[in-house]
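Below are two complexes that have subunit A in common, paired first with subunit B and then with subunit C.
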Partner chain A sequence: MRAFALSLTVTLAAFPAFANKVYISNEKGNDITVLDSETLEVIATFPAGNRPRGITISPDGKELYVCASDDDTVRVFETETYTETHTLPSGPDPELFVLHPSGNPLYIANEDDNLVTIVDVVTHRVLAEVPVGVEPEGMAISPDGAFVVNTSETTNMAHFIDTATSQIVANVLVDQRPRYAQFTSDGKLLFVTAEIGGTVAVVDVATKEVIHKIGFEIPGVLPEAIQPVGLKITQDGSRIYVALGPANRVAVIDGATFEVMDYLLVGQRVWQLAFTPDERFLFTTNGNSNDVSVIDVAAGEVIRSVPVGQQPWGIVVAPD
Partner chain B sequence: MRIIAAISLMGLLAPALAEAETLIRAAVLRVDEAGLPPISRLDLPPDDLGLAGARLGTEDNATTGSFMGQTFETVELTATPETAAATLEEALSGGAGFVVLLADDATTLALADLAGDRALVLNAGARGDGLRGKDCRANVVHVAPSHAMLADALAQFLAWKKWDEWFLIFGSHPDDADLAAAFRTAATKFGAEIVEERVLEDTGGARRTDTGHVQVQKQMPVFTQGAEDHDILIAADEAGIFAEYLPYQTWEARPVAGSAGLVPRSWHPALEAWGATQFQNRFEAMAGRPMREEDYQAWLAVRIIGEAATRTQSGDPAVLRAHILSPEFEVAGFKGQKLTLRDWDHQLRQPILLTTGALTVSVSPQDAFLHQVSQLDTLGKDRPETDCSFQ
Partner chain C sequence: MKRLLIAALLLTTPALAEGSGDPTWPCIQRKQPHLSIGQLWPGPPPDAAAAHLAQRPDIAALAQVLEQRRLPMDEAEVQIAAFAKGASAAELTALFVAVFDRIDAYRSRIMAGVARYAEKQTALSDQIEARRAEMARLSAAAAPDFDKIDAEEERLDWDVRIFTDRQAQLTYVCETPVILEQRAFALGRAIAAHLATPTPVP
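Take a look at the complex of A and B:
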């Protein structure tokens, strides 16, 4: 698949890279905006139910999954036609979810019910419900698929769930209101953002212990406004990007030293992040300014702001 | 019942961090004054006022505790001012190391002294500045915002609006005078001027009779007639006697704020920001009604206990108390930032919502008011201003 993509790139030398579709869920607009990752133009908008937030895509790029939080369901869309093909039973108030690397099953955080719901995306059936802490939100899966991690916002823990048994095997206490979690691609580290704590915890996956806490300080920005939410890590683990919410900045962190290298000014209330597959661009959803900022990763600069729908929340880029 | 529910949930949940079960005992005590019903029947107090908030806090703590080997018990008690002391003794002899208290200033002070070293009192009701000042006690943590914080929160917003000429009307009850004093201080602090003050004597009166509104429509314009030019009318009516009668009944076409109109509060059931929606949903599913300030404050008080238990991984009340009163302590309360304690008077720092009946209009501190330590310290008595000295 990848080799095919490469040869095609060479053949079509006029095109520097593939264009990928970028899907943005607009929480208040109740729709999805589709961007072209090369032209950075909006190419489509389609309705997605009530209060769409978490958004992800199947590994083959054919199915788009959207948490329609106020509909208590996950809506599934065909990515070529943008038509809704079916819904998945999600449990109440689904907010964020993560897909197994194989594409099945889907692990969903049910914020109102202190549960993680595991759903088979082929049979559309609930496989298991795992009781977790109060207000489950962030969801991450280890690259080998062995662990799913859920963060609970009022309990302030990252819960490690064994995917084989659907049982919690470890609980890691982090700072106030953990919102998002992400494994490094080698599966050795887990990063957990704490919105109210204002920190990012670095968890050693082998020992399940917090080995480092990353703090933030921005001249001219009140400490209370620095609220880490979305987080993404480059494939090689060298850079970590953290959306800082109402601080309107994305922090750039050295993956080796965990030192903050830079703060990039983006739109207002920056929430979630997504890379293009080649990691050339990083997109940010900015909930209060209703736009997406485009970061040129190599240059470390914000190069464009693209207006999208009302209160953009989640974002996913289609695979190559 | 509740305790059993918390323990049975344990069975479902996965391995705890600690080996042995630890029980953390608390009590929530609401002291009800005899008095007239509120002006509006929408404000009638539900039977479980405050207690329901504590119940949700205990459920939240129990869920977290299930991963830590900790169980939480909160005994729910109500009393009159006459029976309050005996009821507190009952809670303390039952082993409660923490007492969440919903009472007026005088009862709060008396019960705090009665509890002494035996329990940490979490004040979830009384708002008087005296309790945080000359009458402060080392065994009390104030979760409810003070009059000074509420007044400053409103004053910052009015300063931003440039509505800086205030007409202050306050009631004849002691709490009203305390709140009026807080508005005077807030006016000086934020550059407003109180152009005139009037006292509205509580002489009883029509209130909720069939023709009450006819009387009000005649009385309030006359009462507010002939005041110095003002931008806004500020009502200080902790007793709930008259403030709700003022909007639209004033002589001049001026907005009302304070105890009616634009009201500073710790909580409002329409708040949706900062994840509050799911919190409101959880409360409403449990209690079958919207969350009031007393519920929020009691929830937060119980969460403070739970947070201390989680962070210290201890059930020893002395260890928990030391953590709560330490600089490391912080708790999240659906206010968009961490909440911490002032070491000089044990007041919980918190943003204040400025609300109408239906909505949150603004949240203070306002952006323009900065502070060298915490912006939240622009609300209420700051370190250099405090009258409190813990003995």
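Take a look at the complex of A and C:
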């Protein structure tokens, strides 16, 4: 038995990762590409309505949510069969959304009418609409579910919404065209990317103040090509990865010092990022080269580019 | 029919003003006058030595072949692989510099063409406005000269037709710089794949 246990351990050590499905929304192809996170092969493609962008998955991995921006709805797919089971009311032009850590509700940014729509994913009903700044875009939720943050592209703010009251409790001014926001897993810091400003704001969640701004400078790249968009943070907060849009690079940032350590060349117009649950790989969607780059996180290297659909935009990895 | 064309014109005219606010840049895509090498090449920016080496006849000739969009990427990759056998990192870098310089120069010419296209459309739009004003003036006369009105209407119809036809090509016109950037990126990636280990940017 011990020998068996030992051999099992060895096997597990040799193959530490589960294969997870990786779902990529193709904004122009109007479909979803499914990758296998171990073989890095495309295993399926299925239609997803008009202009699919934001994409997320339920904590149990059974339901896939897709913002079909030009259909003004959120489409819900069964993750095994890829069949559409229903839609959720989203308000006009849904672009990005965030799911409560419990799996319900869903908080959706409506770019065209300056609202965040809160939808119950079980009853399929709108619970509330929260007026925010002009052109709401990025969405983040604190790990304890207490705050939802929405960024507004034109107002250049991160709005903190109290999830208990659906009221805005703080507005934090950041740089021009904030695109994406994410909390650290301990809930203490919020990172907000600014596409035109070319920076990432580090916000202290307790005081709601910007405590640091991360700038970017890449030798041989014109500053206007550096446009921070998607962002992801490791569970332990030690590394932050920022997609720099048409610079075609992902910045690797030290979570303790906020210093940029490296700029990895990925694909063209890199947009969104997603880790595998074990954080072995980080995937990037590259809108202009129509592929997904695979970063080996430990090695800090791009190991593969996988062709997907037309203009890949959003990406989510299924939980274990 | 004329009403329809004018309606189409009214619908399409604002597209000229969209995007950057630059009247000579009619595209939705952000105007990016030049590509930068760091967007396409993983290593440190090539130096003057690489630029000099890029002029070596065999490297320049290969770059000229690779640049052609009619050469499929898989065939380009075969040619790059053949060159890479025995080529040093400096020679591979020089090949990319040669490709980059050619594509960026061509892309700049295309972008100048886009600007001329936009200027022509603006001029035509002004001419259409003038013809419409002239028609309104002729129609408002106490004894309208219907022959003159008909002639002016015909000229107006032609101008509107040319304008809308040209406008329909806008998507293609605007996508050309993007397609060239894609080509440059794909070639950069294919050449860089033959470097032993990518040099991280400091």
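The rule we apply is simple: the second predicted complex is superposed on the first by the 304 of 320 C-alpha atoms of A that agree within 3 Å, B and C clash if a C-alpha of one lies under 4 Å from a C-alpha of the other, contacts with A are read in each partner's own complex, and residues count from 1 in each chain.
As a working rule, a residue touches a chain if its C-beta (ideal position, glycine included) is under 8 Å from a C-beta of that chain, and two chains touch if they have at least 3 such contacts.
Only a predicted model underlies this, so the values are computations on that prediction, with no experimental measurement involved.
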Clash or fit (per the criteria above) of subunit B with subunit C on subunit A: clash
Partner chain in contact with A:Gly309 - subunit B first, subunit C second, else both or neither: neither
Partner chain in contact with A:Gly287 - subunit B first, subunit C second, else both or neither: neither
First (subunit B), second (subunit C), both or neither touched by A:Arg177: first
First (subunit B), second (subunit C), both or neither touched by A:Gly54: neither
Partner chain in contact with A:Glu224 - subunit B first, subunit C second, else both or neither: both
Comparison of subunit B and subunit C by subunit A residues contacted: B
Subunit B versus subunit C as contact partner of A:Pro94, first or second or both or neither: neither
Subunit B versus subunit C as contact partner of A:Gly29, first or second or both or neither: neither
First, second, both or neither for A:Asp262, with subunit B first and subunit C second: second
Shared subunit A surface residues [contacts with subunit B and with subunit C]: 222, 224, 246
Residue ranges of subunit C touching subunit A (in the complex, touch as defined): 30, 32, 34, 36-42, 44-45, 178, 181-182, 185-186, 189, 192, 198, 200-202
Touching residues (chain side subunit A, partner subunit B) in the complex: 93, 111-112, 114, 131, 133-135, 152-157, 159, 167-171, 173, 176-177, 196-198, 222, 224, 227, 246
Contact footprint of subunit C on subunit A as seen in their complex: 218-222, 224-225, 246-249, 262-263, 265, 267-268, 288-289, 300-301, 305
Subunit A-touching residues of subunit B, taken from the complex the two chains share: 9, 12-15, 17, 60, 63-64, 67-68, 275, 278-279, 281-282, 285, 303, 310-311, 330-332, 336-338, 374-376
